[in-house]
């Protein structure tokens, strides 16, 4: 029962997630704002539409959205979730998790290059540039978790993590912050990127998908929403026990997700979009934080260097 | 074993025969036939050694200095012999198509095939010979023959330069080996590898120095930083078939050597293990950084070979660490990752080189800034190239992931150990490998996206077309292997079991079974992944059914005068990233423009330098040259001066004697 | 008596150091030849008469007369400049020469102390001749002077061989062979060639082969 | 036997001079090396009959090392004689000059044989002097200004050297009063009675004297000039045999030092000069413009390595003996091939030679392969020799010497390889008449390279034994 709810929740929450963000922004701006499910309506509309594709494009452009979406879904299967657990779990599965997202990125990027548009090439180059900072930082996070728990698969790590206490709270908070930075980067939100500016020159992710239309665009949008949720659930996993199948973890989980979306909305409305040249420093904050966390763990776990 | 040797001989003879054949295409055909025949002779032996873990050995009696030489084909040797002979066959097929446009030309194909055969046979001997002098002889033969292949297009000045640079680099590498082997020969009183065991396994300074000598010697061949500088020069210079052999196969003999020495030296010394690990890590970073900054496809691939050697080395270092700290699982995973990645790198790197060769043949340029939109002209080649690119970026369902996964997991296992320094180095490696991986993705999205996608940045002088069957076939075969290894890794891991047993015979079995089950579950995951992709694709098809799909030009944001010159170029694509790491990729920018009211055309030239070369190699060369030119005045042509040298010399010695008295 | 001759032989070298004319060199060469001849007949015993005769012939006729005469002809014939053209000025070479001289006598003294069984004065003076002529070879610019100095070097060696003549007579003859071969060969063949082929006879013109 | 070796050339020389006919000259030119070859093989296989015994056999004898050097010399001599035919033909030499060439060549060979075989120090010295005089004429054979200059420098520097050697011998005779003879056998036997002081002094003088002939730094200066200006077959003889004979002289003297237990001093002297020669040849390999001079510098290098080998005890000497044949043969092949190049391009300048492989591929490949052989690439013996020398360094606990050794070697290979490949590869620039060279332009080199391959891969026992005996001499 709970599992079914969870699955349904996960399928629909991406729309809600974006909706909440927009609503929060609207509220901060003093507007009424679009309905919470607006993204869902757009999605439906897009699915109904036909599509226009560029003459320059090739097969890559056609398969990219599919690969993108399915790798994100696949990543979901690896991540342990309340009242579902992790469908696929083996030693080192988090490597597969990261690389599945890598595959998604790979195809998004070459699809952007496929159109031969200078804007999309620009977006692609920025995307990969920033992920060169995010990726190692994420592995530091994972590595530190493995160090902390002495385990090498998501499920076991998360289980032990929820059980652990004491200084681990500090570690968890550090990780929470760095994961939020990761979410802002990968989900291309302010201050890294502004999804709904009207100047292509300043975009990253949005500019990469300029040429998609119809169901493909729908897949892309849904995919990016899903990615946000995915990373947010990883954040949530830090704080809730996933191995116990009961209502509370599930509720807390949902709560965290909604809170995060609201938080992102607040950030977007409070902070201005950073200059491109300053973005790397911001993302590098993630690396710094996770390194601090690593140091902390080494210090406490191994009793001082 | 005899079959093996007759195969080796066959390669050599094929090369010799081509000297006496008049018509050029017959040379290619004869060599191809010989190569395939050699497979029939060689492969059964290799597989019987790999599957049943047998090791064959033979003895050859030479006269005095060499003495009796043992030749042993154990599983480790078999793995590399497998790469070599398979690579030779594929290269032979490829050359059948690729050398066509040299037929009747100014270059001698006989020389090409002769040295090709010599190279293959000497490489095959390198992995089996177990006698120092004989080993060095075949090792040098390998370098020399490959040198002649590098300078195949020898009327080009830069090709000759590259060749000479390569030859000298090999000489320097070999001299380290000569020193190490001769020293060992003194210590053990024999030239047989088996007799080196107890000297190398003794954990004293001698053993450490010896190992370092060996590592530098073999590392020069493999292309570890800072001994990598010959690689980006030599590999692009050679004809593509050979570049594939060199980059995919030959540098692996260096890896083989290092592994062989590790086998001989038993439990490695901890600091050595760390050193290997860190050097490899640096190698990986330097390699991929330079790769990203390249415009020349083949140079790019050469640098990416350096990167992959780095990854292999990290695997080796990991294995050594596992052995040193006595953590069998890490040891197994490390060596497994290293050997597996050697095989994988052979697969996708040869493939990429073959693709690059087809592009070069069709467009007469290796500069990706001039290319674009090739996927329209040569779809099959492009898709195969894409396969290789994804594989080398180590993405799941392709073989690159399999080996990197082993190394990742090994390092993750390192976190469980209570040793702080191990933990820290593991974290460096863990995030470092991730960094290398993502940078590889940057590089190969650039390479593929710019060269094959979009629209041509400059008009081709003749419209490119699909490569001929002989050119495509090797790539198809390799792509099959990519997916077999990528999705059903247990097949090859099963084969590698005997090799790993050589490294750690005692408690391999349960570790190995755990690794085995791990990879089985990985296969499961991949199948699920494929399933998901399939379903999502069905959904897409469902939504796209009877919808009208318009073709229109790319969205230009309202700017009407779009030309293909406006596309993002490779350098502009990699610029933001290179700016982040500007310290490590020093870039020289030359702007030629005239500042007038109506400025005419302007030019901007950018060129990157290999900072590792600047840091480690060039100063040494500069110093040696300056030091030697200090003595240039000696041969002045004045006779009195000459006599004076003699007298001064005489006087000095006399003073020395009287001092001694 | 013989000692006086030897001393005189040594002092000829000093004269060479001081001299600035080619003819002076040639004359000195002739003089040395005659001195050596006197030494042979005065001082050498225990050699077969045949050997003595041979030595006499060599020293008096060849060293003393033929070679100098021939050389003078050559010099007069293809009007070679008269100056010897040293790198160092005569003054400094004279200083060095006397230093060599002193060294020679020190060596003679020393060799008389140790029981080497050699004639000290022969030993010292021969050293003087050898070292001095080597110094002159390095110090003078012209080919003709090179040849002359080489002759003096040979005289020195001859003297040295005389110092062990009584034990090793064979060596003396070998030393003579050296004269006959090289000496004659050197200038008779090559010097004339050089004269005919290169105008002027500076050693400086022979510096085309270099790196 | 010895009589034939020494007098046959002289007799035939007289014959040739009297009847300066082409045919007779050429027959003689091939006959002498053939006879030498036969004799060497006979002695090798133990046959040694004596014609007119007596005083000759006191002053000459075949000892192992002598046989070895004689064998090497004979092979080189034959090769260069074969090539001389080509040389005559291509430079259309007049019969008289052919005769002169042949006679001086005979004298040269005979005197070298004398050096190798003589058992008496002073006698050997005389023969060394004789080699200088005869070879000087050959160097001047082409009657050019440059060749005259080369010959002049050669003869003058070497004469001074030789007189210093004579001084050394006199000193030895002073020191070896108790021995009372200059026969090597006596000197070895009673070495301990020689006054060490005089021995050292005399060694220094002899070392400088003969070292000048061997052409090791810093007394090498005549060598590049002489080698580059002589006719190619003569350059081959000079580099392939003359240096060896002088080297043999030093080895014989070194034996005295060893048996007098003074070898520490002599070894260090050998070692220093060896490395100096490596340095010199490295310096000039980088800037040499003339390919024959380049080969000359490579000779200096190899002589240096031989010296290093001699200094490194048993194993080193064995290595040196292998390197000796490797160097003599491959250098001969290089010089003869350089003769072809000179004929094809009419220039000795490296930058004017391009595309040798295109112009005459056989010459090109000979040029390249000989380079590989001289620079110590397998399967040529010089590789094994260098390996063993490094091994010897480690045996003597001088392993660190390998560092400068390898660096200088790498520089030398770089310089030489750069020039050789530049000449061999690329487009052929010289558009002159592509005259096909006749067989005698290749025969010698091919034979020699085949011999080298045999020695390099798997030495036949008889060759190995002779090398071993030769090496055993110094122990």
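Think of it as A, B, C and D in the order they're written, each chain with its own count starting at 1.
Keep this in mind: contacts are C-beta pairs under 8 Å (C-beta built on N, C-alpha and C of every residue); 3 or more make two chains touch, one makes a residue touch a chain.
What you are looking at is a predicted structure, and each value in this text was computed from that prediction instead of being measured.
Counting steps between touching chains, the shortest path from chain A to chain C takes 2. Steps from chain A to chain B, minimised over paths through touching chains, total 1.
Of all the chains shown, the one with its CA centroid nearest the global CA centroid is B.
When the C-beta contacts at B-D and at C-D are tallied, the pair with the greater total is B-D. Averaged C-alpha coordinates put the centre of chain B at 44 Å from the centre of chain D. Rounded to whole angstrom, the centroid-to-centroid distance between chain C and chain D, based on C-alpha atoms, equals 32 Å. Rounded to a whole number, the gap between the C-alpha centres of chain A and chain D is 78 angstrom. Centre-to-centre separation between chain B and chain C, using Cα means, comes to 70 Å. Residue positions 632, 635, 639, 643 of chain B each touch two or more of the other chains. Shared contact sites, meaning residues of chain C that touch two or more other chains, fall at 134, 137, 146, 206, 208-209, 211. Counting only pairs that meet the touch rule, the chains in contact are A-B, B-C, B-D, C-D.
Every residue of chain C that touches chain B in the complex is listed here, in rising order: 87, 134, 137-139, 141, 146, 203-204, 206-211. Of all residues in chain B, only 632, 635-640, 643-644, 647 touch chain C in the complex they form. On the side of chain A, the complex with chain B involves touching residues 47, 49-60, 63, 65-67, 69-71, 73-74, 77-78, 87-88, 90-93, 95-96, 98-100, 102-103, 105-106, 109-110, 113-119, 121-122, 124-126, 128-129, 131-133, 135-140, 142-144, 146-147, 150-152, 200, 210-211, 214-216, 218-219, 276, 280, 294, 298, 302, 305.
Contact residues on chain D toward chain C in their complex (touch as defined above): 122, 125-126, 129-130, 133, 136, 140, 145-146, 148-153, 155-156, 159-160, 162-163, 166-167, 169-170, 173-175, 177, 180, 182, 195, 198, 224-225, 228-229, 284, 287-289, 293. Listing the residues of chain D that touch chain B in their complex gives 153, 156-157, 160-161, 164, 197, 200-201, 204-205, 207-208, 212, 218-219, 221-222, 224, 265, 269, 279-280, 282-284, 286-287, 322, 355, 357-358, 361, 372, 377-379, 383-384, 386-388, 390-391, 393-395, 399, 402, 406-407, 409-411, 413-414, 417-418, 421-422, 425-427, 457-461, 464, 468.
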